[in-house]
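The same chain A turns up in both complexes below, where it pairs with chain B and then with chain C.
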Partner chain A sequence: MHWRTRQKAAKIILGGITFFFLIFQWFPLFTMGVLSFTGPDDGTTFPMRSLSLHWYREFLRDSFVDDFKPPMYRSLVLAVICSVTTAGLALAAAQAMRSRFAGSDLFFYLILLGIMAPGILVGLGMAVVARVLGIPLAWYSTTLAVHLVWTLPFGLLLLLAAFNRFDRELEEAALTLGANRWSAFWRITFPLVLPGVIGAALFGFTLSYDEFARSLFATGSEQTLPLIIFAQFDRQLQPTLYAIGTTTTVISLGMVGLFALLFRIVRRRAQTTSPGVN
Partner chain B sequence: MPPHQHHRMSTVRERASVSYLLALPATLWMIGGLIVPILFIVWVSFWTTREFALDNPLSLTHYIKLFDKPVYLKLVGHTVLQTMVLMGITLVLGYCMAYFIVGKVQRDGRKYLLIFLLIIPFWTSALIRTIAWIPFLGVNGVINQSLIFLGLIDEPIGIFLYSRTGITLAQVSFYTLMATGPVVYVMRNIPPSVLQAAQCLKASPFHVFWRITVPLTLPGILIGQLLVFLNVMADFATAAAIGGNKFAYLGNLVLLLYDSGQLPFASVIAVVMMVCMLAGVAMMLKVVDIRRLGAL
Partner chain C sequence: MTTTPEQNQYDLELKGITKHFGSFMAVGNLSLSVERGQFVCLLGPSGCGKTTTLRIIAGLEEPEKGEVWIDGRRVDDDPPWVRDFAMMFQDFALFPHMTIRKQVAFGLEMLKRPKEEIRRRVDETLATFEIGALADRKPDTLSGGQQQRVALARALITQPRLLLLDEPIGSLDFSLREAVMLELKDVQRRLGISFIWVTHDQNEAFSLGDLVVVMNHARIEQVGPPEAIAERPRTRFVAEFIQGNNVFEGTVESVENGNARIGTPSGSFDVPVEDAPLLAPGAVVTFSVRADILSTRPQAEHVNRLEATCNAVEYLGAIRRYDLQLEDGRSLKYEQFRSAAARIKEGERVSIGWRVEDGVLHASPSAPSDEHRA
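On to the complex of A and B.
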């Protein structure tokens, strides 16, 4: 076989594998979305005999909503706090690492450990610490602590990448022209690495909002959304869960879209306006 | 980096004392939220009784329990086996996709679209994605219905839900991303001139792939496999949701023991899990180093 034909064949096979995997990955989510509109008498799988909003109405019924509203609220607040904290701490950590301070390698590995350490170990560990030391478990303290351990490494990696790419000469110019470090950082450096900060905030939000394993151990009686969904699932699988799952997935995807939009706006701004002039 | 760049001006000076202050909050948080909890697990695993007392006498009581019943060691074996199966599948699948996206897709726009389609589910709930698998796997599930429709089977088969097949299917869909991502990242940094040089010197495509592409992407493969290894080792939610109560891995046992208040024994299982992980990481580093020597 000619090498060109062979390469074409390789491209088709690899493309087929990629295409098949993407369908494999997305199909369950789409199917859940479709099944959430199933009729009131239908089960949890196909065939769908009729289309309806029954299970969404069921989800919005008082008894149900009373169960789901507080966890939903907690999860959203927790995600926002985690998002802001991740972005802030990651920005400080990345700026610190630029100075190559003594022990910065160790510092980097310490934070990377957060990606490596599995949720069940971190969650169990936090529960053990709380029990032994008599600290009450709560979504806004112990859960936040373990969520951030998971989100901070992603934030740091994104910001290190942002600091690697940005034009250091702009920062140098500001300093040469007499700006002090503080104002040069906030007026020149920060706007230039802002896309990285937004990326860190996105990871902080979505990873916290959807986190299950860490929350399962570290959260007290006031549960977060994934926990109450799991509890409901454990009791009985009903199409209501599809309606809830579709709703939270749409919220997650909406957040990703929002951050992507913000990212584009900020990047375009950084490219078109010369910073520091205004 | 040329030496003069070390002396360039920057908003943070080389080894400035302010950088310690900037790194402090993150350091404290990681120590309090990660290091201390892990150390506590190790400490509590040596407790003799279930009582909550800081001066609980230390002993190997709960470690000995591990060998009481063959069930526990069998569970370790099952978990390691499942992890290895997942590593094998995600390695091949992930590398094929990374090679296609980076090497075969010409237009940048399409490249980014594929990468996004791959990554976006990572930002949605893993729990919801697990639940979304359920309608596929049952006896009347989508897989059975399609197989019957295609005429491949006459009667629905029950091998998907509450089975290892079902768990594996779902896990592959969750964790392949972790194997692909690092390889994509590393592969994009290979300068095209390296591959062109090899082609100019009349290396066959297979030779270019095996002697240049694979060794250069080895760090990406390693990081990806490490992430898959650690995550599948610790996964309990997939087995809990899809495996019913029929299948359990080490993570499920930790949860079971924790729920029944047996904290020291739960910690022992967690320590066993950690030891398996450290052993696995050490072994992977060794294998990769040897291969790298062979490739050079």
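On to the complex of A and C.
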């Protein structure tokens, strides 16, 4: 075969694989989205006999809202706290690792363990430790802790990458211009790694918002959204769940969009001329 | 050179600076004094310790031993931000997220000057360096030459006594370098502050420096004005590093009337002893003769003689360099201004001669001098 023909064939095959992978990734969510608009007499699966907003109305009904509103609120607040904390801690950890302090390699691997460790066991471990220490389980304390163990490594990796692209000479230039370390960090270093900080915050938010396994044993009686959804499966399977799932997914995507926008703005501000000036 | 114990006579003094990276000695017991308003070039091959020396002056590296004095004040225990100096980096290190106005104001903002004063002085500085039109732009939209001006303006706005420059024109286009060199020299003269300019380019060092400091292997080989370095290389390293020297190695045969007779594979030559009166027969020494001082029509005064064959002719800007082959197979360089009539053709045999006083005996490498006074 001519090499150009081979190249064309390779493009089509690889493109096809990529396309099918994306379908595989998004089809379940898409299916759920479609089924959430099913009619009032339909079940939780195909065929859909009619279209309606019935299950969204159902989900917004008082008794239902009373069930779901508090967990949703908790999950959102938890995700925001987790997001800010992840960004802050990851920034501090990455900055510390630049100095290659004694044991920084070990520190890095220990933090990374948070990704490897099986979530459900981490949550169980937290529950046991909390009982031994007499700490009551709560979404804003014990759950936050196990979520941070999960989100921090992602944030750290992102910020290490951001610092990797950062030119140390810029900090040195600031020092020679009379900036102390504190000023040099906030005036020079921080604005230039800010895209990484925003990325870490995004991971902190989305990973915490839909975390189930780690929350399961660590949370106590005031449950988060993923826990309450799962509990709902136990009682009865209704298309309401699809409406809830679709709503929370839209919220998640909205957050990702917001962060992406922020990221672009910061990036543009950091690197190019402000618009309108030539 | 003699010094009088007057206060603040020096913009910079280094006393016995030593710095290792692991087991690698970057700077070894280095001392240097820079009088007020001097243009000093640290010249040497890469890895010789010149940049480390600069970073030690700045406080970006900490020496294990030695003292750093800037403008009569000992600063080696001070962090960089309280030392009175400014620095220009090779790639200029402009802050990518700041407009030119912001960059230039940075030094004054760190000094917490009043807003009104900052605005006035930034405007003045932008005007001085002719970058007012760039005030609202960011560095990535500037040409290399413009970036270099911004870096200079940013460094000098706080009116330091001392400007450190780390290969400041190394990243500029070749065609731009000469103009920038002249401009920087002019700025230095006008402000009357000292420049410490690190370079590996001897042309830069010779055309700019009031004082050239040649470094090799963490130590100073020679300090002096450009002519002294070019005409009287103190060590074999300097003679070989500075282009245009012929270096001979040989054994002292006898010492008479202030001259040593030195036997080399290419013949025996008379060289003035000068600073080495204790030179004894049998000692292995090196000496050099500049390529442009040789004579191809030796007279009676040209006591040292050689026969050679011309191998090749090179054209190097204003000079013409001949590669001559001696009878023992070694090569010898001979240089002529290009405006002079070409005397030798390739393949031609020539007689070469030089006067006794044209030879420069080198200090033995085992006796490095540690104290250098400008």
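Following the convention adopted for this analysis, the second predicted complex is superposed on the first by the 269 of 278 C-alpha atoms of A that agree within 3 Å, B and C clash if a C-alpha of one lies under 4 Å from a C-alpha of the other, contacts with A are read in each partner's own complex, and residues count from 1 in each chain.
The rule we apply is simple: a contact is a pair of C-beta atoms (placed from the backbone, for glycine too) under 8 Å apart; a residue touches a chain by one contact, two chains touch by 3 or more.
The structure presented is a predicted model; accordingly, all values stated were derived computationally and were not measured.
Q: By the touch definition at the top of the document, which applies to A:217: first (chain B), second (chain C), both, or neither?
A: First partner only, chain B.
Q: In the overlay, answer first, second, both or neither for which of chain B and chain C A:172 touches.
A: Once the two structures are laid over each other on A, A:172 reaches both partners.
Q: Thinking of the overlay built on chain A, is A:185 touched by chain B (first), by chain C (second), by both, or by neither?
A: first
Q: Can A:101 be said to touch chain B (first), chain C (second), both, or neither?
A: After superposing on A, A:101 lies in contact with chain B but is clear of chain C.
Q: Where does A:51 make contact in the superposed view: on chain B (first), on chain C (second), on both, or on neither?
A: A:51: touches no partner chain.
Q: Determine, under the contact definition given at the top, whether A:258 touches first (chain B), second (chain C), both, or neither.
A: In the superposition, A:258 touches no partner, neither chain B nor chain C.
Q: Name the chain, either chain B or chain C, that contacts more residues of chain A.
A: B
Q: Touching A:9 in the superposition: chain B (first), chain C (second), both, neither?
A: neither
Q: For chain A, which residues belong to both interfaces, chain B and chain C?
A: Looking at chain A, the two contact sets intersect at 172, 175-176, 188.
Q: Which stretch or stretches of chain C touch chain A in the complex?
A: Of all residues in chain C, those touching chain A are 58-60, 79-82, 85-87, 89, 91, 93-97, 99, 106-107, 110-111, 136-138, 140-141, 154-155, 158, 164.
Q: Spell out the residues on chain A that touch chain B in their complex, using ranges where they run on.
A: 3, 6-7, 10-11, 14-15, 17-18, 21-22, 24-29, 31-32, 35, 43-46, 89-90, 92-93, 95-102, 104, 107, 110-111, 113-122, 124-129, 131-132, 145-146, 148-149, 152, 156, 168, 171-172, 175-176, 181, 184-185, 188-189, 202, 206-207, 209-210, 212-213, 216-217, 226, 229-230, 233, 237, 241-242, 245, 248-249, 252-253, 255-256
Q: Flag every residue of chain B that touches chain A in the complex, lowest number first.
A: 8-16, 18-23, 25-27, 29-38, 40-41, 44, 52, 54, 93, 96-97, 99-101, 104, 114, 117-118, 120-121, 123-129, 131-136, 138, 140-142, 145, 172-173, 176, 204-205, 226-227, 230-231, 233-234, 236-237, 241, 251, 254-255, 258, 263, 266-267, 270, 273-274, 277
Q: Considering the complex alone, what residue numbers of chain A touch chain C?
A: Chain A reaches chain C through residues 167, 169-170, 172-180, 183, 187-188, 191-192, 269-274, 277-278.
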